[in-house]
Structure formats: structure tokens, C-alpha cells
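What follows is a single structure, written as C-alpha cells, with notes after it.
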Amino acid sequence: MSFLLKRIAFYLFTAWAAITINFFVPRLIPGDPVQALITKSRGQMTTEAVQSLYVLFGLDKDESVVEQYFRYWGQLFRGDLGLSFTFFPSPVADVIGDGLPWTVGLVGITTVVGFLLGTAAGTVVGWRRGSWADLLIPVTTFVSSIPYFWLGLIAITLLTGPDSFFPASGAYDTGLVPGWDWEFVGSTLRYGLLPAATILISSMSGWILSMRNMMVTVASEDYVTVAHAKGLSERRVMVGYAARNALLPNVSGFALSLGFIVGGTLLVEIVFSYPGLGLQLFQAVGAKDYPLMQGIFLIITLSVLLANFLADVAYLALDPRTRREG
Amino acid sequence: MSDAVLEVRDLNVDYGLGDDAVRALRDVNLTLYKGEVLGLAGESGSGKSTLAYGLTRLLPPPGVVRSGEVFYHRDGGDPVDVLRMSHAELRRFRWAETAIVFQGAMNSLNPVHRISTQLTDVIKAHDPRSTRASRLDRARELLNLVGISADRLDSYPHQLSGGMRQRVMIGMALALEPKVVIMDEPTTALDVVVQRQILRQLVDLRERLGFSVVFITHDLSLLVEFSDRIAIMYGGRIVEEAASADLYRDPLHPYSHGLLNSFPALRGPKRELTGIPGSPPDLRAMPSGCAFHPRCPRATERCGVEVPVLGIPGSHRDRTVACLLHPVHDNGF
Amino acid sequence: MTTAPQPTASGTTDVVLEAEGLTKHFPVRKRGRELLSKTVRSVRAVEDVTLRLHRGRVTALVGESGSGKSSVARLLAQLHLQTSGTIKLHGEEVHAKGGRKFRAYSKRVQMIFQDPFASLNPVHTVRYHLTRALKIHGRAGKTPQDLEEALYDLLTRVQLTPPERYVDKFPHELSGGQRQRVAIARALGADPEALLADEPVSMLDVSIRLGVLNLLRDLKDRLRLAILYITHDIASARYFADETYVMYAGRVVEGGDSESVTQHPAHPYTQLLIDSAPDPDRPAAEEKDGGTGEPPSLIDPPPGCRFHPRCPHAMKICSDQVPPRFDVGEGHFAACWLYGEDR
Amino acid sequence: SNEGAKSGGNGVLNVGMPNGPQTENNNPFLNSSAASSLGYRRLIFEPLAMVNEVKVTEPFKPWLATKWDWTDNYSKLKLTIRDGATWSDGKPLTAEDVAFTFELLKKNPGLNIEGVQYGDISFAGNEVTLGFARSQFVNQKKIMEQFVVPKHIWSSISNPSTETLKNPVGSGPYVLKSFTPQTVTLTVRDKYWQDLPQVKEVRYTSYSDNNAQTTALATGASEWSFVFIPNYQAVYTSKDPQHYKLWFPPVLGVHGLWFNTKSKPWDNPVLRRAVNQVVNRDDIFTQGEAGYFYPKVDNITGIPTPAGESFIAPEFKDKTVKVDVEAAKKLLTDNGFKYEGDKLKTPEGEQVTLKMTVPSGWSDYVTDLEIIKDNVTKIGVEATVDLQNADSWTKALDTGDFQAAMHWTNNGPTLYDIYQSIMDGDLYKPVGTGGINGNYGRYESAEATKALRDYANAPDEKTRTEALYALQRLHVKDMPVVITSAANGGGQYSTKNWTGWPEESNPYAPAQPTLENALDVVMHLKPAA
Amino acid sequence: MAVVPTTVVSAPVKRRKLRFVANPKATTGLLLMGFFVLMAVVGPWIAPFDPSERSADLLQPPSGKHWFGTTHLGQDIFSQVLVGTRSVILVGLIAGVVATVLSVLVGVTSGYLSGAGAEGLSALSNVFLVIPALPLIIIITSTLPDTGNITIALVIGFTSWAWGARVLRAQTLSLRRRDYVEAARATGESTWRIILFEILPNLTAVIASGFVGTVIFAVISEITLAFIGVSDAGGWNWGTVLFWAQSQQALAQGAWWWFVPAGLAIALLGTALSLVNFGIDEFVSPRLRGGGKTTVKTAAGRKVRMRVGFTPVLGEEAK
């Protein structure tokens, strides 16, 4: 109980600090969205547009950063993330709403699946140390060192093409209207396959390695030897005794590494032109779209915090030692 | 030599392979009789735990059993060699026939499972047809046996005190009513008061259930008090073996003698404590001849050359010793 | 109703270090609903402990695991700050919280830690450990030769001879007994007047154990040190200590001349302890039915005498009032109401 | 509604843009809306007239306005609005709607992207009259290309600049059928003031980046687009040489190497002219611009040809710049520069260095500068290409904190926009002061400023020509910008399913799908045989 | 009573460092790293061409003259990769050092000291952990006018210390109450000496593996930044090569040679660093050590795997 209360206090503080940083960092960037917009169009938009855009974006008012900061908090409490500049005047919430399902669907699911598969594979590899399974280690090391984007690009070159089953970019067939019909869902799966595989391969190997190491460590714990001495079946010893304990450090590592994963998969979204948050964030950075940037950072921060919280809870459930009565 | 349950013959155990292997056990011979408590003593690193794990094949890598036999005498059946069993046979054999209580109870209990799970899964593994309720009943019974109230069944290991955990382990060891229970320093980490409580319980249980115990410790005074027979180990060998009272009264091997003179007695007149000079041998670079000779106050030239064999010394009948001071006239086996 | 006139084991030798009414409560983290309440929960690890260390004498502190022995030592070494009570060095009260004062104090009172495997830093050699001890306390001399001599002298004093064989070793290259001796050498490096030895032998093998104890005895004799010898092996206390105090659940329950405490234990807990100690001379059958039950929680200790829930002689008063020290023999006291009624 | 995507032929035209996922926003006034970014606003909302940027000498093509009259030296405009045009909700389009549109722009400076300052606006019958404070000669295109929105819808919109217009009602031949972040589908109306176009449905797909767009073009999934394709032969046209076309005509806007004319030694026009002599525009065109993207400009005046052919002063008509290192060296040595070995020294004896800045991600500009760097080394200039991030680069140009940079100019129907961007003294701000709207090189010439003013306000064609020739002479003499390439009005298209695209032989409109003329292009399309 | 003189044959103690190098994984990793560092030092001198120099060989596949082929401007890709090594290694190392120093400062102080300051520091590192690092780096980098190697390295270093700090803090917390720290205090050591000489040396392995981890992260980040065109990192690096390949759609053009070498170089460098990291891990935790043979041959000639719970029995004849 106290554990949870402390964690919640910690989360609130972290959220506050992160949001504050999110607010200030983009504002330190020289240049403004208008300049960025003009620059991006490279002559296709006349310089006369500058004034109208300042008026449009409401940047012509003099407001100190501190005022903006408090206004921002006011908005946040009302659940208002502001209006995006790149997609002006679409509310940031709507823009994020368009990208979030894809990221959650692709990055979220593959990350979790990668973690699960990697952990399972690591369990077996660690358990059968000294057998053929060890051959997996150098391969995994190599694969995990390849940057996501490069793996993605190579996959695109090798596996996509006019006649290929795998599309090179996008999230679903261009002609389709999103909905819960089979055609759309099927197409979504087909488009998600390659990026998902890329994320899976890169992220899985990390989990394989860490799980393997934990398994090796745990396998020599006394209680595992006791389990053998008790004559329990191999599976029971491996899963119930070794893996169950080896899992614990991985769980908290998992939540913490989510932050890294979001950063890493940004590249996957860029490379595969997958319309998720990563791509939006990248474009928002390019366009100085503060509200959108802040919004996406907010979402990422909150989801990492949420994941951490869930991991805490999972840890609580998995490790009785952290559970306290009262 | 009737009524033996476990016979260890020429057991050799190495850590590692080839030339840089550490030879942790050398030609160990030992017999455990029905219903007795056999104490195994010797200083740290003399190979007590190695022997316990070696004969149950639970040595962690890089431990290997190089050679030897471990015969287990089934009731009314032929003796079986534990070292020749297949993995499946071994699994069936384990715990049902020989159970083992490890050095530290905290580490022997899986921290993430409840006591009940850990008590019942062993029953389930050996008797898959038992019902859940019957297993739980048995678990409750076992806890009562070792003096823990049955409502502790749902606790996690960390919620129990060290003494309780150790008792849970002892209860677990008795779950399948094995014939042999091996205990590796089961009470070293505990308080004298708790230690005594547990040992007393163990003695009671042995009388009721009739299993044999191999009891490992380096606390000789404890062994003398609780065990029937004592085997003393030094440098990977058994150097002396005798009934505990005999050993206490008249240790034959200079090392046993040294051991007995190293601990202060709480009662009786203050004796002079001499201790054992020098330090334990390095298993990688064992002295030639008798391993104890560099520290032995009574060593002779011969001790540095000849390896003494374990045998029955001339003057006594029911004990063995491996020392050149006590010529062997019958190797006993 | 607290401290009765204090009987000491021997009034002749001069007192080096003295603790009076020493109390230590470790706060515990609040949980759950307590967060809202004002009550502060704590581990009452040491409660009202009074003891004296004399020059050239060994004082043993025995008791089961967790009874607060190490905490007393750490308090005496000023590594923990006491919750209440006073510590006096040669009659002067000490407040050595940190900084220069602490250094000056640590020069005079040194501590040997419980675990020889943990108390030496694995990354430093014996030389480093000892040199630091010498340097800090200004005994390293001026030239490198002085230092080397001082080092060799220290190692020789703890019988790590020849010194050059040990001086450049890392702790992991030494046996437990050797490490323990290095730890002792380090403590001697400060040339202290009082040495607090916290279970210096519990981790060691019987044969090595003896060597360390003999060394301590020798130091006491030669250097006239005041030594606090903490152990839970009451038999070794009998052999090496001049006087013995017994602790139970944070309180000193008995004290006095070692021989009389071990041979004629007065407090029921001491009796239990002595009965429980393994004794080869006693046939198993002869055993009395000793006490049962577990040591009490220190967070919420039983009122009155902390031993009363396990005590076979418990009376009503035992659960109400904390027993003061009662004399039970010459220089031998017990904090037990059994002896209070005699009077 | 999910019928397959790759269905050319059956009346569907697939347009693609590399603009990333879109959010539903059909507000035609906002450049940030999906309608603008993908260009489909052009098929829903119609302009008053079509202006062909590729052939600026051509008269404007009447569209919603059938007639327009400028009076009072281009400060008063009378528009005659076409009869018979209707909104897609059936209501007729009237002069009132046109007047309302201009009122909207006047009242909402945020929507007035073109920055035209409107005065009195009135309408009567089918005529609308607009008054202006000053001559709008140079703004004719901006005004006539203004699309018209229905008053009955927009008058009830309280804040038009934050309106996302989920249901756009326009007068064009198409209406919005469906919107997804990836694809927007338009379908043809059943009633239109002209003959209905043959394209029954237009699908705009937003690909996430150039690569994806290129692939779509190569596979035929996109039939019309505007994207930079490196090595277009290998990647695009070779996949179906018969049908896959690209046409990138120059328009009156340019790209080139701008000098900060306040930075020594580049304040010396001789040096800038020498550079102009050695820049290899062919390499820039073929390697930097992939042989098509920004067409080569090699007239010494920097005027893109053929678009600006007719404006070139007679004395410069055939003056194309060829790489001539010797001539450049001679020019330099004649003007006091010296050589030490092959290093160029200023008359003061200092080594001439050139630091050219460019945003690091802009691969074509970076390539262009790499080429220029090589080129100027030939005349002994030590050049470096300094990559910066886009923001600091923008800021550097804004405040004049640079030595040389690749940059563009505005474009328009006349050369005014080009020269104004480069030489207008009215735009001048000293180095260190930002907020500049052109004249990044801090070029100061009273003559040029006057010529530009003359041009914008001249009552007659002759004065304008005079002013323009003066500007050309100034440019050739001072060479504030070494112009290398023209802006384009191009696009890639496939003739597999649709023919009638604008091309070299029939340049009726620029080929870019997001420009005003997109509707004109679609109206021209016919199913391939 | 003739005591045979004891000569304790103490085998020469192999010092830890040698033991580390004896680890095959670490050795491979170190060798590979050494190669890359060597290339970083001499690369620009041994490169056959100026990496920016244009030539007439436009977009040529690998040949004897151009080992890795050429770009659309006729630049030699081999030279670009070679010259680019320096920037990659430099940024990796600098960022690694900066992040490590910061994480040590924050982690160890917040672990050793108590009180509000320490809590604040630990909260700070938690905040940095929660903010996704790469996007933050992208944003910060795009704010900076100059994006040379050093700047990039500093940005990466200043944003990626939190993970290490957290690990170090946890370690320090566990070390803080170790007896030898207390013992040092009891000896009279001052606080800063305890941190520097008693605690830090025991964290070496953790710090080293944190360092290696940060270097991997920094290298990948730098390359990513260059790849997406946010930085130029002051000239050539592997990311710039990939950036050009990508912006020229090299793969669509069939110019695989433009992509593959730089990518492989990254993967190899990453592998090298991971191997070193494993070496450190195994060095710290002996249980992870592969440790010689894992299968044994029994006297009967069967191969048995050594594993917990089933000790192999060789069954040799007793000698």
C-alpha cells in the first residue's frame, strides 16, 4: 500500500517535470512555425504569407513564456492540447488520435510480443546452456546491434516490390476506408507485417540476451537445485522455478526501456512511412509544430509512466516479497 | 554389514575436466545404515557438501562424478546404483527415496511460490493421481509434524522466520517418507535455541518414521551430541569414522584430535585449547602423501610419501581410520 | 525504577569506555493507514544498555542473533547515533557526529566488523587498508621506510608473518582467518584504547577461530586494550572474556564475571541459552525440555520483561514492569523479577 | 465502399502527394489543410480566372469571371461573374458570393495568404467592384486566381480561420466523397456550368515520403504527382517509358547562390560575377536536380527560359553563361585580384574564401553547393559547404548572418517577383536585424529600388519595360545572386489511362497537381484509347 | 615430531585484468573495437579518395578502383565510410564519457548521500528516463546552430545519462551499507575519500558496462540523426552516407552498395561493443562465464551436457 502511494507520488512528480520540460524545450528552438512553413515550401508560398500566418497561428500576440506555461496547464486540465500548426486548425488531440492507434497497434503490440517471445526464447536458451541453443547468442548479438532503420530499409529492398506480398509503406491499402471489415483488417495486418517483423527482430534479441543471463544466474540458485532434487518434471523446474524468478528483473527493465523503444521505433515508422506517432513527431519537429510536439511527448511520457506503473503492479503481483500486508 | 541403506564405493568427484580439474573427493567409501544418524564433519572445504551432492548427482557444473558407485538398497529389492540411473529414473528416485535439506533454507525455498505450492508440487510430481485436497491435507500434516501451525500454509517464504523456513524444508523432505534424508548444515545460520528445537524435532521424527540421516556440519560438539556415528573428512577424503562417543573420547586421527581440541566447552573444567596450526590444503596442489601431514604434529617422513588408506585399525573393531600411526589390519570392505 | 546501583565485575581496573542507558531505535517506513497517523514505528534494537569496558580486560556480549549486539558496538563506535543515553570515554561524554571530532574519537575507539569477508574492500590490497589506517591517524611516519616498518610491525603483531608475503595481497587471496587478522591489524593501526570486536570468529572454521581468539587475548595482555568481544557462542565467551553480558531483544539481561555467568546462569534466558548450546558431554537423553517460541518482534516488543512470553517462570509482574538489575552474586547481576522477590 | 485501389481506366484518376498522413480539414483558405496540401481544393473551389504560369504572356483564361477590367492604373477592378454556375448544394453562384469571398479575406488577415490589401468591395447584379489603395499590376494573378466560396455557408461560420469544413461546398465539378488520413476521394457532380469532365472520380493519396510516392508512381498506383525523384529514368520512366512522363517547365521564380553583399570580400561585385562565370549549371541540373527538377537557367540575367524569354532585354537576349575559367580569372586580375600559385587573393592580399550554408537535410541544394564548391576552386577560391539545421539556417538568412547560401525567390506572372526578392531596397534590413521578407543578401541599390517601384506602379507598358531592363542590367553588373535554376510548375503523370496532359508541345498549364490550374488539367483529360 | 617444512605453493595469482582479456567474447570485441579505433585514427590518411570529391564515375557498383562503389556525384563510398569512422567513434566515445561522468556523479552521490538533494537527483534521473531520449535528442539537436561532432556528442551525452545513474544509484545504495564502507568510516576516512576510493572502484564493472552501453546508444543516435538529416555531424559519418543513399533513393535505383557497407559497419561496431559488454558482464558475474567445455564424454563414449541437477557420471575405472 505504502509502496503504491509512494509510486503514485513519484509518477505525479515525474509527469509534472516531464511535461514542464516538454513545454520548454521546443520553445528554445530558434525559428518559428511560420518560418518553418515558408522554408518548407521553398518558394511555392510567397513571402507575403508570413504576416497572415502569424495572425492565423495566434503568434502575433506578445505573451511571455511564463504566461504561456500557465495557459498551457489550464488547457491541459481542460483536456485541450491546443491546435496543431501543421494541420491547422485541427486540434492536436485529433491529430494524435489519428496516429495513436497505429503506433499502439504496431509498436505496442510488437513490443509486447517481442518481449514475450524474447523472454520465452531466452528462457530456453538460458536453460539449455551449453547446447546448440548457444549458437543463437552471437546471431542475436549481431542482429540487436543493427539499427532499426537499416534493417527496415534492407527488408524493404529485399522483400517489397511491385509484385510482392509486402507493401513498402503505409498502413493499409490506399483505397480502403478504415473500418472493422475484413478487407481493411486484412490489409492492415499485411501492411503491418514487415515493420512489425523489423521491430520484433531487433527488440527480441535484447530480451533473449537479458533473459538468458538471468536464467543462467537463477539456474544455479539453490531453490532450482532443490526443485531438481524434488524430482519435479523438467518443465516445471524450468518454468515454475527458474523462469518465474528470472522474469522479475526483466519486467521492470521492460517498462523502463519502453521510452527507448518509442524513440527507436520512430525510425521504423519513418522508414516504413507508417502513419503513427513517431512519424507525426518527426514531422512536427521539422515543422516547429509546438502544440503537436508537446502533445505527442505528453502521450509518450504518460504511456511510459503508465507502463511503468503497470510493471510496478505486475512486479507486485509477481514478486510476493514486495507485497506487504496492511 | 546388514541393514545398509546407502553404500558409497570409491566415489571420485571433480570440479572441472582434464588436468585442471579440482579433485574434490578422492576414493570415498561410506555406508549408511538403517535408522541411524551419520554425522559428517571436517573443516570448511573438506568436501562434505560435495559428497552430499555427489551421491545424489546434484552437483552444479563444473562438478562431475568421475567414478564410483552409490548403491541404494530398496526394501526387499536388489541394490540399485544411483550413478547409473537415467534422468527419468533419477527423477522418480529423488525425494521418494532420498530427500535432501540444503545449507540455507532461505535459498532453498522458491521466493515466489507459497509454501503450500512448494509442499504439494513434489507430491504431485511423484503421485500425479493424488487429488488436490489430499495433497493439501498432506501438506498440513507435514507442517504440523515439524511444529508449524497449518495456517502458515499460505505464507510466502519471506514471511517466515529462518527457523520456520528450515522446518518447512525438513517437513518437505519427509513429504514422501523417504528412507534417507541428507542434511547439509541445516542449522548453521540459526540461533542455538532454535537449532536445538529443530534438532530435537528431527530426532523425534527419526524415531517415529525410521529414516536414516546424513547430517553435515563442522560443529563437532553438535554432532557428538546428536549423531550415532561420525565420519571426519579432510582434503576430500574420509580420514576417520567411528561411533560418536568413541570418536569424542578417543580420536585416532591427529586431525580429529585437533578438531576436538579447537572448540571451547561450555561446561566442565576449562581445557587447554590447542587448535590446528597451518591452513587447509589447496585441492589443486595437494601435499604428497597424507594430505594432513604438513599440519600434523605427529607427522613422520613416511607421511609425506605414502597415502594412508581407510581401514580398521588394529586396536579397535567397529571403526575405521586413515592414518599411518594406526596400521590397518583389515580394510573392512 | 530503572538502573539500580550498578554492580561491576571489578572496580579496580580503570574504565575506558562506558555506556549508560544506551538506546537505539531504527525508524521503520510507514505503511498504509499509518501514513495518515502521527505514530512513528521503529525497531527498538537497543534499549537502555549500560556497560563498561576496562583497560586490559575482555568484556563479552552474548545473545542470540538480532538481539542488538552489533548495534551496541556500532553505537559505541559512533557509527550510529544513539537515540538516547550517553557514551563516555574516560569519563568524558562524546558527541562525535562526524568530521574531525569523529576522527579523533575513532583513533581511540576502533571496531572490527562482524564479517571478515565483507569488511575489507575487495579492490584494495592489504597494504592500502593498513596504510590508510596509519595515515589517517598520523602514524605513517615521514618517510616511505617509516611507513613500511609500521606496516610490517602491524602485520607481525597479528601474526601474519612474514609480512612481505601478505602485504600486497588482495582480500580474496586470503583465507578467512587471515582476513580477520587484517581487519584486526587495521583496527590496531589507529593504536586505539578500546577495541570493539563484533563476532570476529563466527564465520570461521573451528581451527582458524582459535587462532584469532588467542590473538585477541594476547593483544589484551600485551597492549592493555579494553576489548568488547561480541559473539553468540557463549562457550567462547567463557574462555576468552573476563566478564560477560547477556543480551536479549535489545536489553542486557544478565552480566558479570564470565565463569559465574556461564556456570551459574541466573536469568531464565541465559539458562535457556546455555542449555541450548551443543554440549558433547551431555547425552542427548538427559536433555531438559527447553524453552519454545520465537524471539519477539522488536518493532512491537512485549511489555515488561521482553522474555516473559517464553519464560517458564513468568509472573504477573514480568509482563507489567521492566525488571531492574538485581545482584545475584559478587559482581553478577540479572535483570529478572525472580531475584527481586528474594529481597 | 472498399473497392480496390489500383483501378485506373474506369473513370478514376489516382493522384498522389508525398505529404504524410492527413487530418480531415477541407478549409481551402488554409495551406495546412488536407485540401491544400493534397490539392483537391482546386477541384472543389474555382478561381475567377486561370493563369498559366508556364506561358505568362498568354492572357488569363476566364473561369468564374467572364470579364475583368482594371482601371485607375490598376487600382480598381470590375469583375463580371459567370451566369449559370452553381454550388454543389444546388444554390446558384452569384456576384454576392464573390464579394463575400473578398470581404472574408479583408476581414481575416489570417486567411489572406497572398497579402493583397483590399479596399472597397461592392457588387451589383453580376458585377463585383474591388478598390485598392495602390496599383495592383504585379498582383493581378493573385487576385484573379482567388477561388470563391459560398456566402450562405461561410457567413454562418463564426471563425473561418479555425474552420475545418467537414463538408465543403464549392462550385467546381467535384464533391468530396470520402476522407481517410491516407486517401481522399472526390466524385464528379451531375451538374456543372461546363461540360462535365471525363474523370468520374479523383483519388488523392497521401504517401508518407518521396520514396513511397516514387514507388507508387513506378507501379502505376499514382498517375499524377509532384515529387523529387533522383535518377528518374532508372527509378520511374524506365518502368513504362511509353506512358510514364514527367514535364517540369520553368516558371518565373529562381533558385541560386545568394551572396551576403555586406560580407567581405563578397561585397565586391567583380568577385560575384567571376563566380557566375564558373558555375557549372549543367552539372547542377543533371546531378543536383536529377536532370529535370529545377530547370537550368543560363541566361546571364538569370531569367528562366522559355517562360521569361520575352522579357529579356535585347542586349542580353543570347547571352548564355558558359563555364569560362580563364575569362573569370582575367576579370579578377583586371580588377586588382591576384594569384599566388592557384590561390586567389584580394587586392588587399587576403585569401578569398567562400562559406556556403545550407540546411543539412536538403540533398539537392547540398549537391548544388558541392558542385559550386568544386567550380569556384578552379578560380582559386577556398570554398566550404556548411551544413546547418533548417531553423538556424532560416535564422541566419533572416538576420544576414551568412556569407553565401542557396535560396529561392518568389515567383509570379512577371519578373517583378524574382527581382523584387533579390534587389528591393524597400525590403532591406541591416545585417543583424531579422524579419526580412526577401533581399536576404542585403543588396542596396537606390537604382534597383526605384526601378522596382516604377515597375509596380507604372501607368504604361513602356515604363515597365524600361524598369525591367534596368533591373536586368543591374543584376548582370552586381550579380547579387548567381541564379542557377528555375522554379518549376512540373509534375509526373502517366498516359496509360488518361491523355491530354499538359506537355512541352501543348503547355496549356503547369503540370503540378496542387496548383490552381489542376482543375483545368483535369478538364482536359480523356480516357486513353 | 619432525614436521615436514610446508612450502605453500601459491599459484601465481592472475590479476583480474588478464582474466578479462582471457574471455573469448571480450577479446573478439576488443579486437574489433581496436580495428575501428585504428580506422578512426588513420582512416582519413589511408582513404584512397577525398570523400567529398566528385568524379566522372557516377553511381558505379563496387570495382577495383572504388571498393564500395560510388555515389550519384561520383564520390568514393569506401573513402566516405573510412573517413566517417572517426566521427562515429569520436561521438560515441565523447558521449559515452560525458554520460558516464554524469551518471556517476548523479548516481553515486544520490546513492551515497541522503536527504533532499539526493532525492532530487534521483527524481531528476527518473524524469530523464521517462522522456523518450531519441526524440528529445532530435529536438535539441535541431535547435542548435552548429551540429558538429562535439555538439552532437554533448547533446547525446547530456540526455542519456539517466539509465546509468539509476543503475549506479541502486548499486551504490547496496554498497553504502557494506561493512567495508562502514569500516572505512570507522577508520576515520572522509566522505569524499569513501566515495572515490571505497565505493567507486567497486562500481568499475558497472560503470564500464554502462559506458559501453551509452557508446552503443550514442553511435546509433548519431547515425540516426545524420540519417534523418537533422545533423551533419561535421562532415562524413556512416549516417551521412546512409542519408545520401536514402535521399537519392539508392535502393530503388539498385545501388545496394551505397547502403550495405555503412550499415554493416554499424552492426559490426555494435556487435563489438556488445561483446565487450558481455565480457564485462561475465567478468562481474562469474556465473555467466561460458567457462570451458560444457559437454563431457563419459567412459562409455557418450556425450553428456553438464547441467544443474544432473551431474554427469563419467564412470572411469578407479585408478
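Which chain is which? They are A, B, C, D and E, in the order written, and residues in each are numbered from 1.
Criterion: a residue touches a chain if its C-beta (ideal position, glycine included) is under 8 Å from a C-beta of that chain, and two chains touch if they have at least 3 such contacts.
Fair warning: this is a prediction, and the values are worked out from it, not measured in the lab.
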item: Reaching chain D from chain A through chains that touch each other, fewest steps; value: 1
item: Chains contacting each of chain D and chain E, listed by label; value: A
item: Pair sharing more residue contacts (C-beta pairs) when C-E is set against B-E; value: B-E
item: Cα-centroid distance, chain B relative to chain D, in whole angstrom; value: 92
item: Whole-Å gap separating chain B and chain E, where each centre is the average of the chain's CA atoms; value: 47
item: Intercentroid distance (Cα basis), chain E paired with chain A, Å; value: 23
item: Chain centre separation (chain A, chain B; CA means) in Å; value: 54
item: Set of chain E residues in contact with two or more other chains; value: 10, 142-143, 145, 228, 246, 294, 306-310
item: Chain D: positions in contact with at least two other chains; value: 211, 215, 218, 390-392, 395
item: Chain B residues counted as touching two or more neighbouring chains; value: 58, 60, 90, 279
item: Contacting residues of chain C [partner chain B, same complex]; value: 64-65, 175-177, 205-211, 214, 232, 234-236, 238-239, 262-263, 272-284, 287, 290-292, 294-295
item: Chain B - residues contacting chain C, complex; value: 43-44, 161, 163, 190-197, 200, 203, 218-222, 224-226, 248, 258-259, 262-268, 270, 273-276, 279-280
item: Residues of chain A defined as touching chain B within the complex; value: 220-223, 225-233, 236, 240-241, 244-245, 248, 318-321
item: Chain E residues touching chain D - in the complex, by the definition given at the top; value: 52, 54, 58-59, 72-73, 141-147, 228-232, 243-244, 246-249, 252-254
item: Residues on chain B engaged by chain A in the complex (per definition of touch); value: 56, 58, 60, 90-96, 99-100, 102-104, 107-114, 121-122, 125-126, 156, 158, 172
